[in-house]
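Below is a structure I'd like to ask you about.
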Amino acid sequence: MINFSYTIWILILPFFMFLLLGLAGHKLFKAKLSGLLGTGGLGIITILSYITAYRYFFVTGKIEGAFQKITAVNITWLQFTDKLHIDMGVLLDPISVMMLVVITTVSLMVHIYSLGYMKGEKGFERFFSFLSLFSFSMLGLVLATNIFQMYIFWELVGVSSFLLIGFYYQKPSAVRASKKAFIVTRFADLGFLIGILILSFNTKTFDFITLTNPTGTAILQGTGIGFLGLSIMTWSMIFVFMGGVGKSAMFPFHIWLPDAMEGPTPVSALIHAATMVVAGVYLVARMFPIYAISAPVALHVVAYVGAFSSLFAAIIACTQTDIKRVLAYSTMSQIGMMMCALGVASYGGEEGLGYMASMFHLFTHAMFKALLFLGAGAIIHAVHSNYMTDMGGLRKYLPITHITFLIACLTIAGIPPFSAFFSKDEILTAAFHSNKILFGVEYAVAGLTAFYMFRLYFNIFWGKDTQYHHTPHEAPATMTIPLILLAIASLFTGFIPFNKLVTSDSKVLESGLEMMIAIPSVLIGLLGIGIAYVMYRKETSIPDRLATTFKYGYKWAYNKFYIDELYLFVTKKIIFRYIAQPVAWFDRHIVDGTMNAIATVTQVISFRIRGFQSGQLQKYAFVFITGVIMLAIFFIYLWK
Amino acid sequence: MSLGTFLIMRHELLLITAALLVLIAELFWNPEKKKGISHFSLILFGVITIIGFLPSPEGSIFGGMYVSSGTRLLMKNILNIGTLIVFIQSIGWLKKEENVEKVSEYFLLLISTLVGMNFMISAGHFLIFYIGIELAIIPIAALAAYDRYKNKSAEAGIKLILSSALSSGILLYGISMIYGTTGTLYFNEVAALFGNTNLQILGFIFFFAGMAFKISIVPFHLWTADVYEGSPVNITSYLSVISKGASVFILMIILFTVFPVIIATWQKTIFVVSVLTMTIGNLFAIRQQNLKRFLAFSSISQAGYILLGMIGGNQLGMASIIYYILVYVFSNLGAFGVVAAISNAKGKENIDDYNGLYHTNPKLSLVMTLALFSLAGIPPVAGFFGKFFLFTAAAQKGFYLLVFIAVLNTIISLYYYLLVVKAMFISKSDTPIESFKSDISTRIALGICIAGIVLTGFASIIFEVIRNLSFGV
Amino acid sequence: MDILSLFVVIPVLTITAILFLKDTRQVRLVSAFGMGLQLLMAALLVFLYLTARHAGNSDEMLFIRDYLWFKSLNIHYAVGVDGISVAMIALTSLVVFAGIFASWEVEFLRKEFFISLILLATGVFGFFISIDLFTMFLFYELAVIPMYLLIGIWGSGPKEYSAMKLTIMLMGGSALLLVGLLGIYFNSSPDATKLTFNILEISKVVIPLPAQRIFFPLTFLGFGVLGALFPFHTWSPDGHASAPTAVSMLHAGVLMKLGGYGAFRVAIFLMPEAAHELSWIFIILTSISVVYGAFGAIAQKDLKYINAYSSVSHCGLVLFAVLMMNQTAMNGAIIQMISHGLMTALFFALIGMLYGRTHTRLINEMGGLMKVIPFLSVCYVIAGLASLGLPGLSGFVAEMTIFVGAFQHHELFYRIVTIMAVSSIVITAVYILRVIAILLLGPTTNEHFEHLPDAKWFEKISVITLIGAVAAIGLVPFWLSTMIGTSLHPIINKILALNPF
Amino acid sequence: MASNQIMFILFSVMIVVFSVLTVTSRRILRAAVYLLFVLVSTSGLYFMLNYQFLAAVQLTLYAGGIVVLIIFSILLTSHISQNFESSGWKKNIFSAIAALIGALLSIITILDYKFSATTEVAQEVNMKLIGKSLLSTGYDGYVLPFEIISVLLLAAMVAAIVVAKKVSPKSAELQNLKQ
Amino acid sequence: MNSGIPLQYFLILATVMFFTGVYGFLTRRNLITILMSVELILNSVNINFLAFNRYLYPHKLEGMFFSVFVIAVAASEAAVAIAIIINIYRRFTTINVEDVNEMKF
């Protein structure tokens, strides 16, 4: 048994970096040094992670054919009751180790990339300190030993996302976006918290190992008690999933994600594409035994929400012109697929294929989506615009970016042998075996994905020859090297034997390519690319004509189905105008008014009765006499 | 009857002697010497006050007409202290030109009222009680009209004497009923023979109304404000503190010792009137501008609180009342002292005139603030303890509702006390009362008041002594 | 002289020293020195307390000193502390210390200002160390009154109105309280022979249930007014808005805690049966406070009003948790008191500093301050994040403890209400972010703001002290939670003995 | 009808009639005279009750002293034949109602009560007894009130002087300054 | 010797006189007549005392002595009151009670 307690440094180091750069960065170091420090710190963590992964997967993790859950470190942080306590620790199991690799890899790439991308920006050290904070939180989230630790880091991730989206805090749109992201996810987290409360009330534990032990007692708690037709456990799992919905930008809490693109592009790559947004998927995967065994209804919810979101996002993505937004919707769509895959899985054995597929896709998606975003960053860096209408023919100016971007597009389109081909294929297979409708949806999404990605690709690198004010030039090495590395990763990660490493029951899952699924999926990918080629390879009028033909559909999709407006309506109109302002009014005028009224009434009475004190001796005497008589009558004859 | 028994009447005899000495001095001293008459009286009275604290025999003489006990001595001493403070405060005022020629009358009359009060407190017979009460009020009516050139002063005098005459009539009528139904006027005999018949209750209520008038309990209070406002400030403070205190003492003694049989009746009566008193007093006080009038209503509501100590008829109640009166002596005299100082120096008596006082006369403002806080019952000054004990006494007998009403009333009272504080500390004024140096006697008096306000609360020994001397029904 | 009484004596000595100072400049130095000493004493007390506990001293209260005061009524000056009081004392000394520095630049009647401020602190310290209901009540009222002058003289806006309202409403609370205390006193001994005000002794007897039914609501409401219980909270927005910086800090940070502490220490501890029976009424009121306060905060335009309503919400949570009457929730309530005390003090300190620069508190008139005064702005963001319950800062620890604890209640009604209360965290996020976004972020709207100076050294001391404490609790809550938790045992045991859940 | 009954009726009718006249007469001097009649009739009652001493006191002190004092003061402050306008009818009616209710209440309550005389032997009231009692210091002795009343009389005298003393020129000057 | 005249007659007489005095006190406008009303009141009380003394408790003289002192007190009260009334007359040049109301409310 290898001692994994050193893994605590994976958490401590970035936190220390955050404090160092955050508190003293701008005073002690020059900007560049801060960047290097941050990057170097993360480099160490990455190395640590790789070592851990290696040791876990290949040296020690497997006992009796299954990967064990190893609690490397666990410290009680806050004791609620004897059984309920928040621990801070490190839990190693296949998914957490996998996530460790994903996060550190992407994060390192983003760090390096940012050295170039953010050069000369005001608040350079602040940026790196936030990045460190994010890395810390994200790592803490995935390594959490208990659901409450996860919640804590879940919140921290949210706030670092908030800080990074709002990095350009003088830009009103960025401020708005960060606020929106935080509040929407916060609302979803409310569900998460309620879920945790219900769960812990029934099971009296927060600990993942205890909770998710498929043969344990905790998992069976509350399955029988009904509330509105569903078991308590189902409710709690639905609530927990709500947190995931928010963080992973699933419908209907997806609205923050496109806006979040206001943040610096490396941030979008790291947080809003590769790592944080998949936290929802990770959460469901983490709780998967409970979903699968105790709350199948909740799992169905997961599947349908995921499928719907993926289709919904894919459709919107086809109409957007801001390249980062396209990528954002693409992210949402891909995560929807992962969710859907989780939703169609069940615990153990063949039925657990969806779980494996989802994790696999998560992994590959992280690589290629980071690549896409970083590439997009390089493009934006070159042309100073986010809109594909401002671009075209960039392949001449940005060769490296072009190639890597193409690789990424091919990957996401599911073209073999790129990595996503394998993962997506697994997802489709899992869906096919479980639910034909979901399969159909995901199949369509696959086609749409290929279409909109290549729409993007052609619009940027081919299409019209745009005249630029400044000739766009390739990004510096700090930016291109991560691109190349990630492109390589996108190419080859598909060959990692996930079925042996990350499965629902941690045992080896025998699965292979099912040609019945693989071939159609590749075909539809190619079809999508083909359509895009026809429409966008050269500047044509087809898109416009299509847009006018499907005027209403297009308009709705372009406006993201007016979900934002709906939210705006709910928040501005209903909450602010019809709840908060009336509450404030009520408080000022009714509650406070009552208090003031008491005072006023006292004053008024005081004024009214002043006539008694008339200054007339005889009136005084009259009151005196009347008083005596009244008292006498009262106490002799009425109330003796 | 030996001469020694006169020692039992030490307080009264000393006071009468003092009064006569003042009279003699007035008659026989030459004009030059007469200027010292106020200091002479003051020293005389100071000596008397000190002698009052010497241990004294107890017992009853004149066949039970005169009763002396530790409690009563204590009460007299408290009154002595209060009167002494009033005397010290009035020195400066008496030096004013228009008062110079009637200084000795001032002392003579005040001392004789004090004699009346002392007899009243020591009464063991309704006759002594009656004469005492008249002696305690008639000269004050004259003193209320002391400022002969002021309309208000005369008005105060006539209102006081006529109202008091009416109330005496009512009181006497009540006493006649009591006499008619019991055949005696000795307190202890009445107590034994008293019953719960209608006529006796009628007599009691008439009697109670007469007493309530002196304490200015609603609805028998209406004279209070006018008289307080019209009288010279020092007389007002004497009226509001000493007269009221003495009347409270004797009412309490009579209720506890003469009417224990009908305790149920007087508890109900007190309940009703104390609620009325507190509330009405406060409601009127809110709107007052003239500080003397303001303090008049405040003192009415204070009377309402004091009744809380009486209602239980318990030992704690008596202790808390005596204690409260002691505290009240310091607090109210402190407040009146400031009013008097400013009134005498600048002739200003309205709350608005006090705007910004803290900036020109910080010390006076502080004294006033402390005194008002004490009246309002704010810790750590003594008033807090006093009120707390009163409420405790009422609560002990289960009058929680009354306590609740009383505490609510203290909030109203806090409101108007704070209005004065606000004027002094917060409000700005274009024409603030200019900075002035009050005379030494005023300062001494206020110093005594402040010491009393601060120390009476913390020094638990005072309360314990009082408590040990108290008794219940 | 015992260590606890020193907490009253030091402020009194400080006041005395100030009284005799001629130079008003030295006043603040002396104040800072006195309150710094007090802070050290608090640290020492924490140390001594933990040492004693560690050494195995398991008494309910430590450092008990008992002096007979009024013999006939059995009133004592009795002091003693358990973990809860120690924590509250530490909180108070921190906030007072920070408050002194936050009011460094008070010019008008400086001497009087510091005297009143320290007098207020004296009352609060006295309250927390008392274990005799009489002295407790005495200190309670002592703490309320200087508020009037502090707000009335040094306040802003409709200060006279606010000061009066605040004082009157708080005294109204203490009116209820007084009746409640007397009721407890006269039921403190089964045969009425040995009546006592001593909390520890009263806790050993069972007050008859009919009496409890009357006096529990009175006591609880009495303290509740100070704890800003709906619908008796309206003094809070006006009072806070008008109060000068340090007073807002002390008031929201510490004085409002007297309410929660008292409700817990007196109302619940001494009358658990009635508390159990009647808690549903107050649970409803408090959960209204929680949600309503938060919604109220959304619609406000004045920074102080926002914070005041937020305090209503947070303090509502304290009372809410206390009423849940189980170990965890109560623990949470105490932590919440401390946490809220610190962060709201921080808020008010910052608001005061912003106001001192911009001369406005209306959020609409400000904007983009982050660029101009980064230090204060960052601190404001931290305060905001603490307030909305960000993990790693104290608010999270407190709220989570409350929610988890409250949700362990065995009755469904209480759990549902808990969920309502939980929802406040989102509303909190809304108004906090709204303020941060409008106030600090975005472009600088007003050109006058371009050259505002950032924090001065004394402001930094004030703010950093508080942030340090907020972060310390947030990062390592364990010691605090345990310290409070062990002290809760006697209370919980008493409750459990009577109402086995 | 026995003579004492007739006397009682005579006196009581006089008392009631003149009392009412005293409080209703518009002419103040007449009112004073009516008061005198009331007081004299009362002393008649005292004679009937066999309290000759008191009747004498009543006649001298009350009728002779106070009424004369009152008449003097009337002369000082009013014109002899001056008519006072009567008070407002509201005041009269309300006062009358109050007085009536009070009287009824008292009378009903008095009639309700069963008085019981003592069985002890009545004392013969003679001057010797009165004098003895007045100077006795024991039970049922009245020397103490007698002494106190002297203080009261002294005080009242001084009080009256203080108030009514003619304003000295100096004070008058001050008064003019004030007004 | 008072056979045929019940005690109650005296008492009723006194009561009527008392409340006549009260009525006078409440309605007369002249301060001196008010004072006269007071005298009526005191006088009625004396009748009460004496009647009680004679009818019920003739073995002691308490009632009678009380009356004596009441008369004395009444005299001194009247003296002071008249002194003040004269002063009022000087100040207000009237002794109408309704005009003596500088202080009110």
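Should a chain be cited, it is by its letter among A, B, C, D and E, assigned in written order, with residues numbered from 1 in that chain.
Note that a contact is a pair of C-beta atoms (placed from the backbone, for glycine too) under 8 Å apart; a residue touches a chain by one contact, two chains touch by 3 or more.
None of these values were measured; they are calculated from a predicted model.
Colleague: When you check each chain against subunit B and subunit D, which touch both of them?
Modeller: Chains that touch both subunit B and subunit D, as defined above, are A, E.
Colleague: Going by C-alpha centres, which chain would you call the most central?
Modeller: Central chain is C.
Colleague: Does B-C or D-E have more contacting C-beta pairs?
Modeller: Spelling it out, more C-beta pairs touch across D-E than across the other pair.
Colleague: Taking mean CA positions as centres, which chain lies farthest from subunit D?
Modeller: The chain lying farthest from subunit D is A.
Colleague: Between subunit D and subunit E, tell me the centre distance in angstrom, where each centre is the average of that chain's C-alpha atoms.
Modeller: 5
Colleague: Please compute the C-alpha centroid of subunit A, do the same for subunit D, then give the distance between them in whole Å.
Modeller: The computed centroid separation for subunit A versus subunit D comes out at 100 Å.
Colleague: Averaging over Cα atoms per chain, report the distance between subunit A and subunit B in Å.
Modeller: Result: the chain centres lie 77 Å from each other.
Colleague: Provide the C-alpha centroid distance between subunit A and subunit E, rounded to the nearest whole angstrom.
Modeller: That gives a centre separation of 96 Å.
Colleague: Out of subunit B, which residues touch more than one other chain, so two or more?
Modeller: 127, 131, 134, 138-139, 141-142, 145, 148-150, 157-159, 162, 166, 180, 183, 198, 202, 225-226, 287
Colleague: Residue numbers in subunit E touching 2 or more other chains?
Modeller: 11, 18, 21-22, 25-27, 34-35, 56-57, 60, 62, 65, 69, 73, 76-77, 80, 83-85, 87, 90, 100-105
Colleague: Two or more other chains touching the same residue: where does that happen in subunit C?
Modeller: Residues 168.
Colleague: According to the definition of touch, which chains form touching pairs?
Modeller: A-B, A-C, A-D, A-E, B-C, B-D, B-E, D-E
Colleague: Which part of subunit A faces subunit C closely enough to touch in the complex?
Modeller: Against subunit C, subunit A makes touches at 76-81, 84, 86, 148, 151-153, 155-156, 159, 166, 169-172, 175-176, 178-179, 182-183, 186-187, 190, 193-194, 197-198, 200-201, 575-576, 579-581, 583-585, 587, 591-592, 594-595, 599.
Colleague: Once bound in the complex, which stretches of subunit A touch subunit D?
Modeller: 618, 622, 625-626, 628-629, 632-633, 636
Colleague: Report the residues of subunit B in contact with subunit E in the complex, numbered from low to high.
Modeller: Per the stated touch rule, the residues are 126-127, 130-131, 134, 138-139, 141-142, 145, 148-152, 154-159, 161-162, 165-166, 168-169, 172-173, 175-177, 179-180, 183-185, 225-226, 229-230, 287, 293.
Colleague: So in the complex, the part of subunit A that touches subunit B is made up of which residues?
Modeller: Contact set of subunit A toward subunit B: 602-603, 605-607, 609-610, 612-613, 615, 617, 619-621, 623-624, 626-628, 631-632, 634-637, 639-640.
Colleague: Going by the contact rule at the top, pick out the subunit A residues touching subunit E in the complex.
Modeller: 610, 613-618, 621-622, 625
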